[in-house]
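One structure is given below, encoded as structure tokens.
The first chain written gets the first letter, and so on, giving A, B, C and D; residue counts start at 1 in each chain.
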């Protein structure tokens, strides 16, 4: 099964990459852009009996490694 | 003093660290491979710089979950002394042995240059080679050194005297919003922090690379001398 | 793939009709697709050196301290204490234009593999970069990616990047140069070579898995850039420095045992060239079974596996009784390890895949009958000596303009992105001295390293271009107090099929050879990069400036003797060497007058050697506190650079009457050094004894440059001008 | 409007990060994990008249800066 773990910086944590990209976009002439945030998506092939189990596995992996809960939130989706 | 230097796949400043310790103590530290399951019997565990596991995903993340870190955590719980430099600092925060996290440098570029640090932390073996307020020069070399923590945590660190080092100008002036001084954009210009019991220290710059008179100077040596003094040779 | 192998397909693989006929004759039948692929990459310019070999043979490559010259993965020289320095330079020009970050990164990865393949631990990286016009719209993208890529790979590997050079010129628009050099240290009796030996011995593959990366990279890098290169884009390879770090540690661990008989990195043309080279050098046959090759993707064809340029891979021949021990080492480092074949006595390379023989080629003819060309070479008449124009701006303004210009601006923006201190042995970091210096760990010895080339001189006169690159590299090593020992090179030129470009190539090599012989400075390794041209929409091609880049290595017995640019607080400045005021092809002429004209400065090899030997000897005796060779921008720029490096100023006497003021201060006469000393009288006397021209420039001290003409320039003002270019150019700060 | 640009490595391009994370997950005891790919999501605030315009802006930004089309593919979604 395909599991997608979506990791984003917690609200309130400054995103230096997003900020730099926002700057760069503005200087390229994209004037309609406000806030930019850069997040990470981890796509995993997981062998599991069913979607529920796959999600659980994804959550465990997110907690164990894929996200740093001090600064990041995550969200797990079973895609297929 | 019995010191051990942890080596992860991708660690690359272990020799530099060993060299500095040897210069300060006359003894070569033990190298600890990341798969070892015990660090018992050591006075001090050092996690040196580098790109453990390529620093892929997040700097230090994968190393923080290596087998040896279970042992390091146990060591910490028993009151062990741990120093993490650069990648070592990142690993200690990822392992939640130190508060906060290290984000990408504000300028988005790797920074390799000399910087100046103001010594702030009180009562730690890592800072007592200097007097509070002293300034010393040290190289830095990192892409993710932008320290962040919640405002409450930052206040707490300040209040408890747990900010070990701050980026400053050569004359000691600290200016958080000046990218020429606070080079990587760290919150409150923090370059190094201490644990609650002051036995764990993490810092981004590399004092170990300025300990040899033949290699640019000895500005970083007091850190290592003080450590050695604390434990005896 | 249902491609029909015929002359047309061969042509699309880069083989000419005659070359394809030769293939048919060797095979006695129509080759298979895999066989055609093997011939095409082995006979590509990149692997066969078919246009350059004849001329490379004329280079001086021997000296008592040379252990291995050209022909191995890298050159090896004796540096004393039972140790050897192992070094080479290599280009990644084309990939760095297509994808600057990955192109530069994999270039650095590739050259490091060449060095640790020989059993050396890489201890320093350098690079030589040429970018397009700073005003050109695309240059910023290339600079940004290349610098990040070099840092990204080297920093992660933990190998300090300690030096290099960077120029901008419109001739590199669309065709930047990224030449990377690595220096390693090995025990001199533990050098590993690539010649295979021992029929029946296992052929072992280690490192990363094979994917469909960069297929036909070797032929592509020998093809002119054109609009079609965009369709070739997915062939870009992604570097994995973490895996390479594991690979270097695993290889060095293995090499400490006696398991390795021969070893070869998989660089350009991957498995094909490594297998063919190992077997042909050892005069044995080689049987490969591709089913055992670690694969990253499903359903790869034999053709694809043989031509893949996936990075971070090595091929080795091991002692059979040590194979399990070796496997354990690679397992410890979590790297793939697979026996993919064995050596045979057939003299052929045989490739099996899924039970079929996909290739079966006699190695002798594959190597011996490789095409070799003596391409027609024509020379342009070198330009006449310049009649120097009058000074339109005055020397103060000219200095300000020059040090702020792209080619002379401070490169700290670049080197601050490279970890230059890791390993803890860096004595002179980038910008501190004319050559970078690292300590040889565990000794008091130092290695001095530099890369040099002045392509604008070569454009005017390719012979002088080749010669001057050699003497400048030699001078830069000398200016630190080190003894220059040997060179590596990277010859970047346009299409050798253009007789004028072939002429540039031949002349440059002639100049390099001349310089190397006169200075006892052999060339022990190198790389050739041809077809550096861009074709515009209108079909016109334009070539880069001829760029024979030299990388040099020297030795210092005691690092405590090393000197850099930074002047002490007081003392005197002296100029060693003679000044005629040569403004032809000078930066002054280009930046102040907007002209690129005239003959480049003359080179007198006797003076070079005499002046250099004198300076080195005086440094070693402790008589010289700071030293800088005079090159781009001339004397006043050299002095300003020393002042900026130290934050200390000086008083400068007037120019000699027989020269015009600007010719004296900005002429680029060769064989000169500016030195700071507190023993001026003694030095003057000794120079006279040695027949070395020397003159007093002035006194060190203060915080500005004070001219005898009454004007002054503040050093901090100069520094600000010097530092402004890169951040402005990159739109930062 | 919120525009999400999803950037992934082209098929066949090596993903060193994914590879290392896959290894790490396996050694943490997640045995059911096969292939791992790490991708990037850029979330942007865009001022636009309508979703179509926002998408166009997102595509232009992806082409200009957010994705490196030599080795990456991208996909733009208007989220809100």
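Definition applied: a residue touches a chain if its C-beta (ideal position, glycine included) is under 8 Å from a C-beta of that chain, and two chains touch if they have at least 3 such contacts.
Bear in mind the structure is a predicted one, so any value in this text is a computation, not a measurement.
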{"item": "Far-end chain from subunit C, centres as C-alpha averages", "value": "A"}
{"item": "Between the pairs B-D and C-D, the one where more C-beta pairs touch", "value": "C-D"}
{"item": "Centre-of-Cα separation between subunit D and subunit B, whole angstrom", "value": "33"}
{"item": "Centre distance in Å when subunit C and subunit D are each reduced to the mean of their C-alpha atoms", "value": "36"}
{"item": "Subunit A-subunit B separation of Cα centroids, rounded to whole Å", "value": "28"}
{"item": "Mean-CA-position distance for subunit D and subunit A (Å)", "value": "10"}
{"item": "Sites on subunit C at which at least two other chains make contact", "value": "240, 242-243, 334"}
{"item": "Overlap residues in subunit A, where contacts from two or more other chains coincide", "value": "64-66"}
{"item": "Per-residue multi-chain contacts in subunit B, two or more chains", "value": "53-54, 56-57, 62, 65, 107"}
{"item": "Chain contact topology (line, ring, star, complete or other)", "value": "other"}
{"item": "All touching chain pairs, where touch follows the definition stated at the start", "value": "A-B, A-D, B-C, B-D, C-D"}
{"item": "Parts of subunit B lying in touch with subunit C, wherever the complex brings them together", "value": "9-10, 12-13, 15-16, 19-20, 49-51, 53-56, 107, 109-113, 139, 141, 143, 179, 206, 208-209, 212, 214-216"}
{"item": "Subunit D-touching residues of subunit C, taken from the complex the two chains share", "value": "98-99, 101-102, 208, 211-213, 233-234, 236-240, 242-243, 296-297, 310-311, 334"}
{"item": "Residue ranges of subunit D touching subunit A (in the complex, touch as defined)", "value": "6, 8, 18, 21, 24-25, 28, 30, 32-48, 57, 60-61, 64-66"}
{"item": "Of all residues in subunit D, those that touch subunit B in their complex", "value": "16-17, 20-21, 24, 28, 38"}
{"item": "In the complex with subunit D, residue positions of subunit B that touch it", "value": "53-54, 56-57, 62, 65"}
